[in-house]
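Each of the next two complexes has subunit A plus one other chain: subunit B in the first, subunit C in the second.
Showing the complex of A and B:
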């Protein structure tokens, strides 16, 4: 077991330095520690126990819970802010026509944002890798679906994904290995909606999920707390902290409250060290042979820009000027209505089924695809708010809450933005974090491709609501963020217009990998975590190969 | 290697049914009845399940049946189970029935070397000839040979000298077959045979003397097993199972779960999972009949039965929404770590998957060993194709890794609220359980003390045997 070496002043040296301790950093650290390399993980945020998050959530106000304050229960390091919205802390400055659609909720904490994900483990479709060739829009990836497919399998196995063994329910069905576990069984609402809408081409399928109804190894069975977001109280949902724990059992060392701010490069532009501030603002250095930045789609490009040095004046890995550009998220809308019969959403995990009929088609040369998650989050809180607004009291109030909780439907709809270099993260000229490091600014416009796709969404939602006898149909008009941050360190074959290659290795620095959502050149309409993990595992393989071939 | 198992008491822990056997073998000899129509190999298969051979001789996590390789944790080092498939090169394929019987009943391998008593031959020695025959036929004809060696056991000196076992056997192995007691019902005698010659309940539930031989005078009176504690299962109404209904006992043996009362964890969960759940109802009833009449052993520390302590909590409404500092540390940890499943009230889930904490034998016991072990290591029990699982909160937990102080504080809170208020748990106790529980004297003394100890015990044993013979001669 190889262990990082620490100096008396708190500097560290390891074979592999990983910045970021989320699902991608954790998996890479685990892979490389398992291969016998010494690994140090630097995480800007705090390391706390699940139970503290659970209790913070339980003690939160009804207002915060009702309006999905998934960030506020995770205490932040005073030196490493994350975006907060209750009230807004303006850590990320947003501008542009749809700036408000980019209010991302990501955590800076050991284990990362999968503490409060919903464990949806989607794959991109094969065609999503060839948007330019097939539909004439966006970009092609530097790799094909077939190149990534084995890593999708591995990521599913690492995360213990339950997905449909029935091929007709798979999206996509091109698979070399089965899901580790069969799908989480549909609840009543999923079955009933499928019965009603599927004859009209909507194709409701189970969401592949990082949880299971029987124990998966040491992971307990999901019992349907319906509290995946913002915290699974029993550890039944996959969290990135699991791979941090595994990596540590194999010798990796995690340093929490370590804010990386500087990157050293040598005459060949290879990275030689990163520097971080500890909780007392003292600076330390982590030297290594290979470096991985896995800080998710905002902090990785921010750090690359912050760390500009004499040899890389526009920022690390940024000879193409593409770092921070092409920012994407599945900018979405919500639709809600009261069905004409009880559907009882809110039993089982927070996400259960999804309409994928409009996920692909020739229309994608003209406008965005979409997917519609049949949200399975308990309707009791919104039902209560609505019933109170009606001025009801006593048993009438109770009955109305019951009726609305049983019949309420909420669709979470994702659209697919195209990579646009003008959608850009830059360093704020005015706002600094407590360490004096520039905060990120993001300019965002969803683009006409998405706007045109929204017209199709409106038509489809009205049809679905009609089939379910829906009343009180509301479709939000402002786009909302979905926390699937992509594009800022975009992948491509040409170093002149992209930041990383097909292994997520930076074009500019032979020993620097930037895996995760930032590398993704097309958004598709599905949650990004599984693709991020697959890219991370692929990056880990290329790092291992470098060690084996003596290239580092 | 898994820590502990029902069969994993370790070298020292496996020795000796001598005293018990002497005390209990005062009756008329009856042959066990054998249904002539039942194929012998099929009967052997059932006996092998009842004796739980596979639990040790099949490596967990996908090992081939009976191919060995399970590392049984002992205070002296891991003892690896052997390949007992009929492979001629790696297993017992060349054994004659006599050699097979000698291994089972005397702990002597085909090549004449002594087995370590991790193999419970001191219990199997009671097996009838007919049952040994059935087991032999089953292993030779129905078990698939596995042509691979199992990992070798290497213990430190002097335990690596297997011949020392001859001394132990002379002292503590009573090489005699089971003899039914006159005056007891057929069911009680059948249950006695099942409980001792096959299921070897005594191996865990009977405490041991300094030489790790079972103390016959305290048969089934409760004993410490590494991190777990095998409780008193005699008929005493407070200290034992005297207050249990026959149906509850039968259900416990068959499923490991009596909602609102007791759940099997640790080694008992293994015994239910691998063996007891497969016993037919008549045999389960026979074991119940036997257990219910085992002479009571009372412990003055037990003021009330284990399953009568505690009450539900109504505290949550008083603290929810307040600063966490409003709670004592144990309660604060309990509500964050435990209450999502066991509920703030301690009532568990309506379907019983998450057990009720009050009126719970593990929580109400006078010793907190099993509560601490459950929190540290969790519970896993597969019965009827369905897995009951509680994650542990020890190192590498999928939920949260708790410190010894955390677990001590939670345990003390749980005992005060839901269990035995006389029990308070310290971090040192949790450390002890985490590191394998109380060590028997023989392990604590170390290698150099053993030869002297054997000499001393030889003399003591001579005297003891005289006493026991006299006891045995009483009418």
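Showing the complex of A and C:
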């Protein structure tokens, strides 16, 4: 077992230096530690226990919980801020026609943002890798679906994904291996909605999920606590901390509260070290043979820009000027209505089924596809707010809460933005974090492709609501963020217009990998984590190959 | 069935109708006799100065219609309300006078006049467990917030386990009350434009999945159930 070496002053040296301890950093660290390499993981945020997050959530005010304050329960390191919205801390400065659609909720903490995801483990469709070739919009990936498919399988196996063994319920169905577990059983609401809407082409399918109804490895079975977001109270849901734990068992060392701010490069533009500030603002150096930045779609491009040096004056890995450009997220809307019969959403995991009928079609040459998650988060809190607003008391109040909780439907709809270089992350010239490092600014416009796709969404939602006898239909008019941050270190074959290659290795630096959402050249409409993990495993293989062939 | 059964007693749901209401009213009357004995039915200015945790609990029981409110939570909520709202003791004093005449929550509301806002705000605090619906407003109850009671038989209080893994595939409880829609249902819309170019592959509708074990309680009915 290889172990990083520490100096008496707190500097460290390892074969592999991983910055970021989320699902991607954790998986890569585990892969390389398992292959016998010494690995150090530098994480800007705190390391806390699950139980504390659970207690913090239960102790939060009703208003915060009702409006999904999924950030507030995660204490932040005073030196490593992340976005907060209750109230807003304006850590990320937003501008542009749809700046408010980019209010991302990512965590800087050991284990990463999958602490508060819902464990949806979707694959991109094969055609999503060829948007330019097939539909004449966006960009093609540097790799094909078939290139990534084995890594999708491995990522599903690492994360213990439960997905439909029934091929007709798979999206996509092009698979070389089955899901490790069959689909999470549908609740009544999923079954009933499928009966009603599927004859009309909506194709409601089970969401592949990183949890299971029987134990998976050392992970317990899901017992439907309905709190996947913002914290699974029992650890039945996959979370990045699981791979951090595994990597550490194989010799990797995690350093929390380590804010990386500088990157050293040599005459061949290979990275030689990164520097970090510890909790007492003392600077240390991590030297290594290979380096991985896995800080999610905002902090990775921010760090690359912050770390500009004499040889790389526009930022590390940025000879193409594409670092921080092409920022994407599944800008979405929510639709809610009261069905004419009880459907009882809120039983079981927080996400269960999803409408994928409008996920692909020739229309994608003109406007965005979409997917609609049938949210399975308990409707009791919104039902209570609505019933209280009606001024009801006594039995009538209780009955109204019960009725609205049982009949309430909430659809979370995702659209697909195209990569646009003008949607750009830059360093703020005025706002600094407590260490004096520039905060990120992001300019964002969803673009006409999404705006036109929203017209189709509105029509489809009205049809679904009609089929379910819906009343009080509300479709939000402002786009919301979905925390699926993509594009800022975009992948391509041409170093002149992209940041990384098909293995997520930076074009500019032979020993620097930038895996994760930032590399994704097309958004599709599905949650990014499984694709991020697959890209991370592919990057890990290419790093291992470099070690085996003596290239590092 | 779950960890809540000992909270609500033998009844799995809070929808016990008249039985619960009769029980509740009896308790409220009994509660008042004790509290009123402490400082009588004098004018509320004098009353407010001596409005205590017991009075707050009595008012709370009367306006919510729930006789079994937890005295500890009541004490915490009263303290949080006093810390948040000016002269809150006076407000409770006035509500105390209002509820002294008895009646159901609906009857009390009907005669509440300019106390209506205070009355509804107190009910909202008990239902949400927080002093008001505002960012970071002080909160005193999570699992015990009254909003979770009406669905205890069918929905978990998020974060708490509700049954053995996969329990959610079993039939939900009957609604037990009319499905009332205040607006007419919308007619089905035309075929959505979003999938106009190519009809995606269809799944056969998923049939009802028979539960693998008997329902939790006699309240459950086989699927599909229809309401009234």
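Everything below uses one rule, namely that the second predicted complex is superposed on the first by the 552 of 552 C-alpha atoms of A that agree within 3 Å, B and C clash if a C-alpha of one lies under 4 Å from a C-alpha of the other, contacts with A are read in each partner's own complex, and residues count from 1 in each chain.
Note that contacts are C-beta pairs under 8 Å (C-beta built on N, C-alpha and C of every residue); 3 or more make two chains touch, one makes a residue touch a chain.
On a predicted model such as this, the values are computed, not experimentally measured, just so you know.
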| item | value |
| --- | --- |
| Partner chain(s) touched by A:52 [first = subunit B, second = subunit C, both, neither] | first |
| First (subunit B), second (subunit C), both or neither touched by A:396 | second |
| Partner chain in contact with A:249 - subunit B first, subunit C second, else both or neither | first |
| Partner chain(s) touched by A:550 [first = subunit B, second = subunit C, both, neither] | neither |
| Touching partner for A:234 - first (subunit B), second (subunit C), both, neither | both |
| Greater subunit A contact set [subunit C / subunit B] | C |
| Which superposed partner A:218 touches (first subunit B, second subunit C, both, neither) | first |
| Residues on subunit A lying within both footprints (that of subunit B and that of subunit C) | 54, 58-59, 214, 221, 223, 225, 233-234 |
| Sites on subunit A touched by subunit C in the complex | 54, 57-64, 66, 86-87, 168-169, 185-188, 190-192, 194-195, 198-201, 203-205, 213-214, 221-227, 231, 233-234, 338, 340-342, 344, 346-348, 356-363, 369-370, 377-378, 380-381, 383-385, 388, 391, 393-399, 401-403, 405-407, 453, 455-457, 459-460, 462-463, 465-467, 469-473 |
| Subunit A partner contacts - residues on subunit C that touch it in the complex | 14-15, 17, 21, 63-65, 104-106, 108-109, 119-120, 123-124, 127-130, 132-139, 142-143, 145, 147-151, 154-156, 158-169, 171-172, 175-177, 179-209, 223-224, 226-227 |
| List of subunit A residues in touch with subunit B within their complex | 49-52, 54-55, 58-59, 214-215, 218-221, 223, 225, 233-235, 242, 245-246, 249 |
| Parts of subunit B lying in touch with subunit A, wherever the complex brings them together | 320-322, 324, 332-333, 335-337, 340-341, 349, 353-354, 380, 387, 389-392, 396-401 |
